[in-house]
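In what follows, subunit A forms one complex with subunit B and a second complex with subunit C.
What follows is the complex of A and B.
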């Protein structure tokens, strides 16, 4: 059944809301540098007007830990392991918890004007796309905006950024991620860290490819794109080089900001770290408290 | 509060429930994950702020100006739309900002929302209580949860701001 949409009104078309007066653009990229892909998101958020055109950006990263804007990297992962194993450690501009990216994880970024902010709509669009192509998949969206597989496994994490007129909502999707690396690098640190930084909520994870080994990032990307574009009166598709300063003036500057120590580590909300120090010569143990502000030790107390 | 509920089911994915309270106030809620819908409420006003006229921005900030210092925060309407606030990123004291610059960021329900400087000037203080108790933005948005104070460099910045009556009309027009 096809319903005619009236301008500025959403109607239901087989359960999907229709922006029939709007166009959309779907961007994909072969760039897997998370700093540049995150920079591209921020560039779009700052510079593009989404009143007539919505955008969807589908991308993947080399192995990376991506923490939320207000998180503590030392709490969320073993920072020394990520550095020594050459895993990227990124802080994104949106909120939410820590996620692990690799080439088996798909990221979707939905760009809208602020009045259209609706994370559930976007996530249900993804689950609908998955079920249309693989009807046996038991995937659903819970109240925490997680996509859950088989009523048990979390396969997606969500975060968002809201500006004056625009917003974006991005989420991960575990298609064929290396789960042992995910567990290794997203391992919560046992260090005694106290802070008000946003905490991640841990869940058991599973890949879509564990359900059917023919499921891969390419066919999932196509499945979701198909459902996404159906909402609009017209769609364009671009393969974009997110590193291109010529196309995206200012993107390099944003990527550099995201790479800086002051952003990745210095943006950490202040915290205290308590540990026991054993002094060999005197054979005594001293409880030590470090106060850390902007990623730097600002005070040490020895009891 | 006891209420009669009229449930209107539209498709299998979303529903609206219209609730009439005993006092006759209408409240509408939607369960489709969008920003929370309008619930009529009493705006919390405290006597300390009746001394200077309160002004508002279209971005849902309140401003109180005294002796060239503008104290600002977000309105009750804004905090309701945001949901539970878990973190507030405050501006740095001493920093110069222009009107409409992003001067703070509030995180709620996994979303980081920009807060904009209502006037140009120098940030003279930031409310450190929000660093440890960001939740007061939800419980006392227009009193205890002031975000920062700006020493104004341009008195005419306040000309573009809304008075309380115009701000209330704005909220009604958005719903």
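What follows is the complex of A and C.
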């Protein structure tokens, strides 16, 4: 069925909207430093014009915990464990909850104009790509913008960032992630923290490779790319070095910003932490309340 | 006035766009109704066009525009402006979050923030007012400019990489940056040994203790390069080290090799090294690895089995027993495989061996090995375990008669003397020897002796000169 909507230049073809007059570019990278890949996303969002070209960026990270813009790292994960085990702890610019990345997790970032912002379309594209290559896979998108496997397991988390003219939507996809590490690091702290930060919603997870052990990041990436480029009249593929200052002027500056303590910890919305302190000599327990603002203790109350 | 207000409200409702996209406020006192002659006649002095874009003067109620996807409300996350603060067009006002998307709201006007309607954490409904802005501008009724001003950064086309990009950037985690700051160091001056060239805590501590980087006698960690696909065959002329390697390996083919492998329990040595490595580092600046111990123990064992430190002469008529134990250590450099040797190991202490080994390694990496360093070896050891692997089949380096390949030290369960399973540090060793000169039994006995020295380092003390 063909529907031509002149104002948006969309064409409906096999249930996927088709940007018949637009081109697309698919970027992949061998860089697995999450700070640089997140910096690349931000760079594209700030600088690039998507009126004629949409972009898809497919990337992976070394073991990392990535929290949303307005989350509390101490609430979402064991911060000390991430430091001692050399797991990267990043804060992204988009909202949403905390996720665990490793080389078995695939990230997709869809860049378009703000008027084309549509997370459901992008996620349906991914599920379509998976079902075309592996028809037995029971994958679907729920109303919370999660991709669900076997009507039960969450295999993807979504977040987005909207600007004045452009936007991006990125999501994870569990292909062959180390689930025990995911549970270990994404363990919401049971400390008594009261805050207005965004909370993560915990779900049971599963890998796509648990369904079929021939599924890996490379063939999933190809499956999704295939369906993505079909929407456009032309496609280009680039292997990009997201660390290249020569090609992406200013990306190192953004990566440095993302590494700053002031960003990772300092951007935590204010919160209070209550705990009991046992003083050995007097054998007494004191309830203590810490008020933390911008990651720094601003007030201590001892009862 | 009453009629004007009713009419104005009706007109305002009709312009449904004003509800969602418009950022104008109706100046409630004065309104033009172009097609209402009576009213027009009455209010000609204060005539102004009502339009769905903006009235650029007076108080403007800046509303939360439609984000898309049927989203009806968004949580106020952060304010970037205060009440009473001046704001300019395209400046960030606030950030809102709706489920999983964050959106930065930018101002459309130059003006002053008069009132903020939502606190952080509150839910703002789409179409309701976020802020009141007292707009600066002329009262001539011109439409507000919707076009981009020259101050707005221009956007570019998506990047199209055409050549092999260079890796850039010195990065470090927040904790490491703090440490560098505390010591007044510039991260650009410190060489990073962490993932992707990142500076880690150890790099900073080494930089503070010693300006020059020191390395162990194990093989250097090579920075992984971005893999590039070869589009067609490439021909390269053999020269330098590679040419020499081709010649010597060809000569090795004449030697009838036999192999002998065994496991050495390095647990005692691991404990010993742990105790004394700090002292060595402090006194000499050299990192103490296992190689100096292994080399000294090899020398002690060679003293008992001198035939392993011998050479066949050119005519294959005589065996020459070499007096000096010049133990060669295979070094993997960017230029190729080199085999410099530490001379007269029988006369050196373990610390002296460590220092010399370090010197040879550094020189190998920087292509500064001399002829003296490379020739004259009588026995060889290849520490392939520093890269990886367990058992190997090393190739003898003529005119020597034996070579050993040391695998990596693995932690494995083993039975001890009492029959209990304990954690043991096991190193696999693979020997290759020239069967024209060496018998299997000799190799086995030599290996057992070396094993005894390494498993019981205190025994080594008895034979040190």
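Convention: the second predicted complex is superposed on the first by the 295 of 303 C-alpha atoms of A that agree within 3 Å, B and C clash if a C-alpha of one lies under 4 Å from a C-alpha of the other, contacts with A are read in each partner's own complex, and residues count from 1 in each chain.
The working rule: contacts are C-beta pairs under 8 Å (C-beta built on N, C-alpha and C of every residue); 3 or more make two chains touch, one makes a residue touch a chain.
Please read all numbers here as calculations on a predicted model, not as lab measurements.
Enquirer: Is this a clash or a fit when subunit B and subunit C both end up on subunit A?
Expert: Subunit B/subunit C on subunit A - steric clash.
Enquirer: With the two structures laid over each other on chain A, which partner does A:69 touch: subunit B (first), subunit C (second), both, or neither?
Expert: After superposing on A, A:69 lies in contact with both subunit B and subunit C.
Enquirer: Of subunit B and subunit C, which one contacts the greater number of residues in subunit A?
Expert: C
Enquirer: Where does A:243 make contact in the superposed view: on subunit B (first), on subunit C (second), on both, or on neither?
Expert: Second partner only.
Enquirer: After lining up the shared chain so the two structures overlap, which partner does A:106 touch, if you call subunit B first and subunit C second: first, second, both or neither?
Expert: neither
Enquirer: Quick one: classify A:124 as touching subunit B (first), subunit C (second), both or neither.
Expert: The first partner, subunit B, only.
Enquirer: Using the superposition on chain A described above, determine whether A:98 touches subunit B (first), subunit C (second), both, or neither.
Expert: Once the two structures are laid over each other on A, A:98 reaches no partner at all.
Enquirer: Which of the two partners, first being subunit B and second being subunit C, lies in contact with A:264: first, second, both, or neither?
Expert: Once the two structures are laid over each other on A, A:264 reaches subunit C alone.
Enquirer: In the overlaid three-chain picture, which partner chain does A:25 touch, first (subunit B) or second (subunit C), both, or neither?
Expert: Only subunit C; A:25 stays clear of subunit B.
Enquirer: Of the partners subunit B and subunit C, which touch A:149 in the superposed model: first, second, both, neither?
Expert: neither
Enquirer: Name the stretch of subunit C, from among 4-12, 94-102, 310-318 or 436-444, that runs into subunit B once the two structures are superposed.
Expert: 94-102
Enquirer: Would you please give the residues of subunit A that touch subunit B in one complex and also touch subunit C in the other complex?
Expert: On subunit A, the overlap between the subunit B and subunit C contacts is residues 68-70, 93-97, 117-120, 145, 158-164, 167, 196, 198, 269.
Enquirer: Touching residues of subunit A toward subunit C in the complex: what are they?
Expert: Spelled out, the residues of subunit A in touch with subunit C are 25, 30-33, 35-36, 44, 46-50, 53, 55, 62, 68-70, 83, 86, 88, 93-97, 114-115, 117-120, 144-145, 158-167, 169, 196, 198, 236, 238-241, 243-248, 252, 255-256, 259-261, 264-265, 269.
Enquirer: Which residues of subunit B touch subunit A in their complex?
Expert: 10-13, 32-35, 59, 86-87, 89, 100, 105, 107-114, 116, 131-132, 134
Enquirer: Can you list the residues on subunit A that touch subunit B in the complex?
Expert: Contact set of subunit A toward subunit B: 12, 15, 68-70, 93-97, 117-121, 123-124, 141, 145, 158-164, 167, 196-198, 269-270.
Enquirer: Looking at the complex, which residues from subunit C come into contact with subunit A?
Expert: 67-69, 77-78, 90, 95, 97-104, 106, 120-121, 153, 155-161, 165-169, 171-175, 177-178, 195-196, 198, 226-227
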